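Before anything else, here is the set of structures, which you'll find just below.
What follows is chain A paired twice: with chain B in the first complex and chain C in the second.
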Partner chain A sequence: MRITMLTFTSLLILACVVPHPSYAQETPEGSLIGKQIYDKSCAHCHGLEGRGDGSAAENLLPRPRDFTRGLYKIRSTESGQLPTDKDLFDIITVGMPGTSMPEWETSLDVKEREEVVKYIKTFYSGFQENENPPREISLDDKIPYSQESVEIGKDLYVELGCVECHGKLGRGDGTSAPTLVDAWDFKTWPANLTENWNFRGGSDSEDIFKRFIGGIAGSPMPAFQGDTFYHFGLTAEQSEQYATLEKKVEDGEELTTEEEERAAQYFEINDTAATAALDWAEGLEMSPETLKIYNDAMKVVYEKSWHLANYVKSLSPEKRPDFAIGKHVLRSQYLQGELPALTDETWNTLDYSYYPLIGQIVVEPRQFNPSIDAVNVKSFYNDTEVAFLFSWDDKTHNTSEEENEETGKTYEDAIAIQFPVKPRKGPTDPKPYFIFGGRKPVYLWQWKASAPDTLTELTAKGINNVEEQEVQGDFAVESDYTDGRYMLWVKRSLKTDDKKDLQLDVATFVPIAFSVWDGGNGDIDTKRVISSWYSFVLEPLPSTRRFIYPPLVALLSFGLLVGLRRIVQRRNS
Partner chain B sequence: MKKTSLFTICLTIFIVSWIFLRFVMGGIISAPIPNSVIAMYMGLILIAILVHVSVEDSRFTEFLRPVHETLVDDSKRTRRLVLVILIPLLMCGFSYTHIAQKTSPLGDPRQAHPKPPLELTYKDIVIDTMQDAQNPYRHYEKDDPELFKEHVDNGRRVYYQNCFYCHGDHLDGKGHFATALNPLPANFQDPGIIPNYQESFFFWRISKGGPGLPPAGTPWNTAMPIWEDFLTQEEIWDVIIFLSEYTGYTYRTFGEGH
Partner chain C sequence: MKTKMFLTLTLFLACGLALFVSADNHEEEEKNVLVFPKAYKAKSVSNGGKINGIVKFEGEAPEMKKLEITKDQATCGKTDKFDEALVVGEDNALKNTIVYLMDITQGKDFDAKAKKPEIDQKNCKFTPHVQIVPVKVRLTMLNGDNVTHNVNIADININKQQTRMIKRLRINAMPKPQGPFEVKCDIHGWMRAWVAFVPHPYFAVTNEKGEFSLENVPAGTYKLGYWHETLGNNNKEPVTVEVTAGGEVKQDFTLKMKK
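Moving on to the complex of A and B:
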């Protein structure tokens, strides 16, 4: 007992005496275990030498990180700083949601992940030269989430120019979205801020805040610091005045002498603060005055960033829509009288059914990097007609301007809704092949962005065996593309005269599947996103029997109990 | 201390059995048990209880005593009142939920182990019978470990260029495309997958994909591509080697003179 106590104490003392491993990373030989794990589990994407050029890299977007430049997106450290060991460890642990980087918590233990961190750091010399740990972003003055803060953030979203890339409603559909490339010249898309489950590095206000202050290194997302921040160094009031003056100049108005002086003064403040920020970033020695200028300027930035972070947080639903595969039945609800039009409020009374989509990688050309991840659908029907509302997010609006040189087909946004030609006879009757049918044909409604008011009926016996139906049915079609979201409204009668069409009966389940094309992401022909089969049904009105039978059953059981008591009583007497 | 009545004991056994079947057996221990099967077990238990209590007249009378008392005794008036309200209300609730529940679409029966064809083919070339077809590079494992490692590495390349989108970085069927698929991609880390099949079976499934499943396998839903359209024979055999090397499982083999 005494011995164990002794060992324990000496271990404790040792733990205190032995210095923490320094931040600077030793030579590659320092982590042989890390190298082994890296070569087995990471190299196929990130490359044996950490250049992000593994054998799988070519088909991935975002590309696997190139570790040789020390640019790390997800950090708790200030702009221009390297990540902390914990930052790297955390990313390995939880992965990068929405990309091909998975979590490693289940397959690597803590020690192994730590070794991988050590090894990854050997790829960039900056880690060896930096004796001091990087400066972390302070979260001390956090502004808690509130509706008020969200409102302030909403104005800042416009003021700071977030709209240009992330779009008015945050769906990543800003005007510059299609032109963005990263530090390696690879295409990169602004985040869709309404899907926070895809935020790398977490979706809390604090996580979002860190992305603002630290920036997302290597991506076009600027860090909110120094000359990258709007009116850096000015107070909110000064900034507003300065903006008015700038607007006047822009509009070609003459400034008065007094105004000119004030503008010059603001410019001066901005310039001084930006210079101070530069000194800070380079870790230069700073005079107390300059440091104060910098700190005061950053205070404003921090405050605005908290509000903006709260606003961004407010853009996503509280919970990611359910993925429940195979269970998501599209239930069309009965309405008496006229079915609602595209913009009718009646649609708001129904929830969307959510259908996840993935790249088509079965037939060439394939789509390994899909840009559309789901289509949302709702439907109403009445005694003679059925109406659908399809909605999906697409960062770019592409009609048929650009052609593929080989095929002459156009890169444009489109959707196809797929049903089997023949109704299923029973549970053992196989559905047609889920991608445009096979031996068993499918019946399709295809809509294209270049003809926003028409729907084409197709029959297909395979992805490359598609025919337009000779007799086109009667559809009422309306569509809209606003702020990165497509809305497609389709109305048709339940029954048609054309035998090749889908005939709908109440309470009969019909398989349904989707294909969506995003021209802006190079989707064309077989290159597209697809879904598995789901089910569609005209939901019957709840039976009125539900009000008749249960009271009857209650009465009956009551009667039985009373009767039983009578029998027993009679027998006793 | 009051002796617990036979009726209470039987009722407790009945309720505990149901809870065990519904939540412990069908939930914690294994997959949920269908209601019809539970009903069958409960029927058996009920019969057993009735047989037990009715073998002797005295035991039967003892069994019915509490029921009897509840029905007529003046001292059990409150209990009687509660039951006479509660039972009809419960019956009413049950029948309402039964009538008002939504209908579900037809299920998709799926053969877990589709029957392979007799001959293993690549495109139209016959390789061997399914039973005898061997991985031509497997023997390097003993004969030439260096060369074998090259095949493992090539298999790794093939896997991460083609398969990991669905089957995942950890080979656990949880790739970043998997969430939208039905049925879900195979999980090679599942001890029931690799050890249960020969390498030739894997070659068949990889080369012919979902469209190559026999009709009884209710095909046309699995998203597995026809990989012989994209990969060479060697690439397919190599990726098969990689799967077992990575997971540590060995494929099923038949001994001498199977």
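Moving on to the complex of A and C:
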């Protein structure tokens, strides 16, 4: 009796421990290894059941993918199609820039990654149900990058409505950007097209082209299907003529019979091509004639998409700028006379120094989803003053006038530029703690979007230990927000009367660090993006002494040699 | 011995409870699904019956939230827009409820109008708010606005840009009945509609007066279902109606806010 009872009990325990049958995944052959790896390495974010609801998910933006709906962003396949195994493998291998998805190349070998792919596919039944392999996007007719192609792409950028979300200059500041949500109703932002190192699926023209044709499933980014193009199926010439006729109708003019016939013809061509595009998208069987109509019409779409891809590529620098260290350190340049104002073209003669930013995750509340990539800085100085130009991209312009409905707080864009209070005694002298100082205090210039022409000076001995301080020297401040970019111009005297203030000397490296707040991304107080310590220097003028010492040394050496020769000669004789 | 029995029993109960709870959660997630027959055969129906009625909202209707028009004011801001997730009219009439037959396997075919479903985006608002689309039929999106829209139906992986130049844009036909799914325009974040892909024509959407009418129903006994985007469905407890040849069945519904 006792034994049966025990067996019964243990069976019951087992029944409880074994997952609910409806959640148990049918794992195809071999993916048990995949499951083990997934449960250990992926489930924290993507959830044990692949629903994108792991314990860390709440803190991530973009959210980890929910695999149960078959919506995959980065694919080499057409709109509405599932990804290929290789697509999934590649994403696991290289990760997704600008998100929390890391690369797994270094920690999982090829076989392991393949097993994970197999397992991930079990979360969505569509992978098993689809008999045909997903249709891949052809890259055969690639139009190589050229200035001409970029120009065509630029017009398409406006025509196709990219500007609505990505903004006029591509900084992700379009008028629709603040309201975008994904298929799960989570907030999502359009890409800043000028920072292609953050593109989730790669920055090559091919990668961008694939995002166009395939769309980014689950996101607000639409797919370029044939019928979404104006006058699809018409040649450029036909399209132009049809547009003239359409304009006439729109203006209330009457068409002649001949014109009416022509318009009807164009309508028919467009409609037939659009219908063929739908047949294709639905995977219907198509007659060779219809298929030809579709393929011919798509050539134009592909062409346009390549031009647009080239244009998007042109918006970013060739590579991510080097960080402002080593030879890229910020060197303030000497100017004689008045320093240039915010809009002065003299600034264009300088390159920016690039200070990358990361989310502040040391102190609560933390920022796990940084929205600002970097601060760019230029500087000039003259005999008495120094001027800085700070610039950073922000997709939304938030001043403290706007109160958040849910939290009642005001989220505002702001920046703080940080220096040590005391000059360093030498290169071995430790700097203050990089996040607003600690035992060693820091001196800050804080600027807020609600007071665009002023700076507040602060001293801080820690992130929650900040004090306003009296004004040092003469400050001049100007700022601007246009097309998703902040420009902040600050001018100050090099020296002040108070010895405790920041004193700037030529050729002395001064530590500098940044905190930036993006109100539109929920940044407030300690929730913000920060940099570590960098430095800048007032570049000394090339010394005039170079005209004196080198000739002098040469002369002396010569004299020495002559003298030596004489001595040797004398000895010999 | 008794203690052990007790323990076992408790464990058993706990286990059962756990299973019950998880099963319940699972169903909860599938709430927005209509019930479709496994197959449907269209044939001519003569002397069919009629089912009609009124759907009402129980309780005090919350005030409709005015939507914030965040862009394209010249076009979109011409008229005030309200969140249509719950539209209650005079006498508590509930608009935009789908009322339909769950288990009909043969009956009339879709009429010509039903086979050409359209959603207009005029003034940056989807009209109608709930659209029935027969399976294997393409939904047409109209854009008479001088602005760019996009049509995003994430559940069926459709996201197509419809610039101001594209006056008519068709959406892929669905081979199988499914939905209702939410339709969004991402460019104008306030725009929302619902679309259901259905296998037979016995689907009605209530009007401002909460009225619905299913006509030419072959005589027989059917399960009558409803679906509302905010108030849910009666999948668990459908109403049984008996339709006689040429007869008329009246069936009203009263829906209330879920707790």
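The working rule: the second predicted complex is superposed on the first by the 429 of 573 C-alpha atoms of A that agree within 3 Å, B and C clash if a C-alpha of one lies under 4 Å from a C-alpha of the other, contacts with A are read in each partner's own complex, and residues count from 1 in each chain.
Methods note: a residue touches a chain if its C-beta (ideal position, glycine included) is under 8 Å from a C-beta of that chain, and two chains touch if they have at least 3 such contacts.
Values in this document were obtained by computation on a predicted structure and should not be read as measured data.
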Quick check for you: in the superposed arrangement, does A:A281 touch first (chain B), second (chain C), both or neither?
second
Between chain B and chain C, which makes contact with more of the residues in chain A?
B
With both complexes superposed on chain A, which partner does A:I372 reach: first (chain B), second (chain C), both or neither?
neither
Tell me which partner A:G218 touches in the superposition: chain B (first), chain C (second), both or neither.
second
Of the partners chain B and chain C, which touch A:A183 in the superposed model: first, second, both, neither?
second
Doubly contacted residues of chain A, that is, touched by chain B and again by chain C
none
As the complex stands, chain C meets chain A at residues 4-5, 7-8, 11-12, 14-15, 18-19, 22-23, 26, 70-72, 138, 148, 150, 152, 154-163, 165-166, 169-170, 172-173, 175, 186-190
For chain A, which residues count as touching chain B in their complex?
41, 44-45, 54-56, 58-59, 99-100, 102, 106-107, 323, 325-326, 329, 331, 356-359, 361-364, 368, 424, 426-428, 430-434, 438, 440, 507, 509, 531-533, 535, 537, 539-540, 542-543, 545-546, 549-551, 553-558, 561-562, 564-565, 568-569, 572
What residues of chain B sit close enough to touch chain A in their complex?
68, 71-72, 80, 83-84, 87-89, 91-96, 99-100, 102-109, 156-157, 159-161, 164-165, 168-170, 172, 174-177, 179-182, 184, 209-211, 215, 218-221, 223, 225-226, 229-230
Listed in rising order, the residues of chain A that touch chain C in the complex are 5, 8-9, 12-13, 15-16, 20, 22-23, 69-71, 79-80, 159-161, 164-165, 175-176, 178-183, 215, 217-218, 220-225, 227-228, 230-231, 274, 278, 281-282
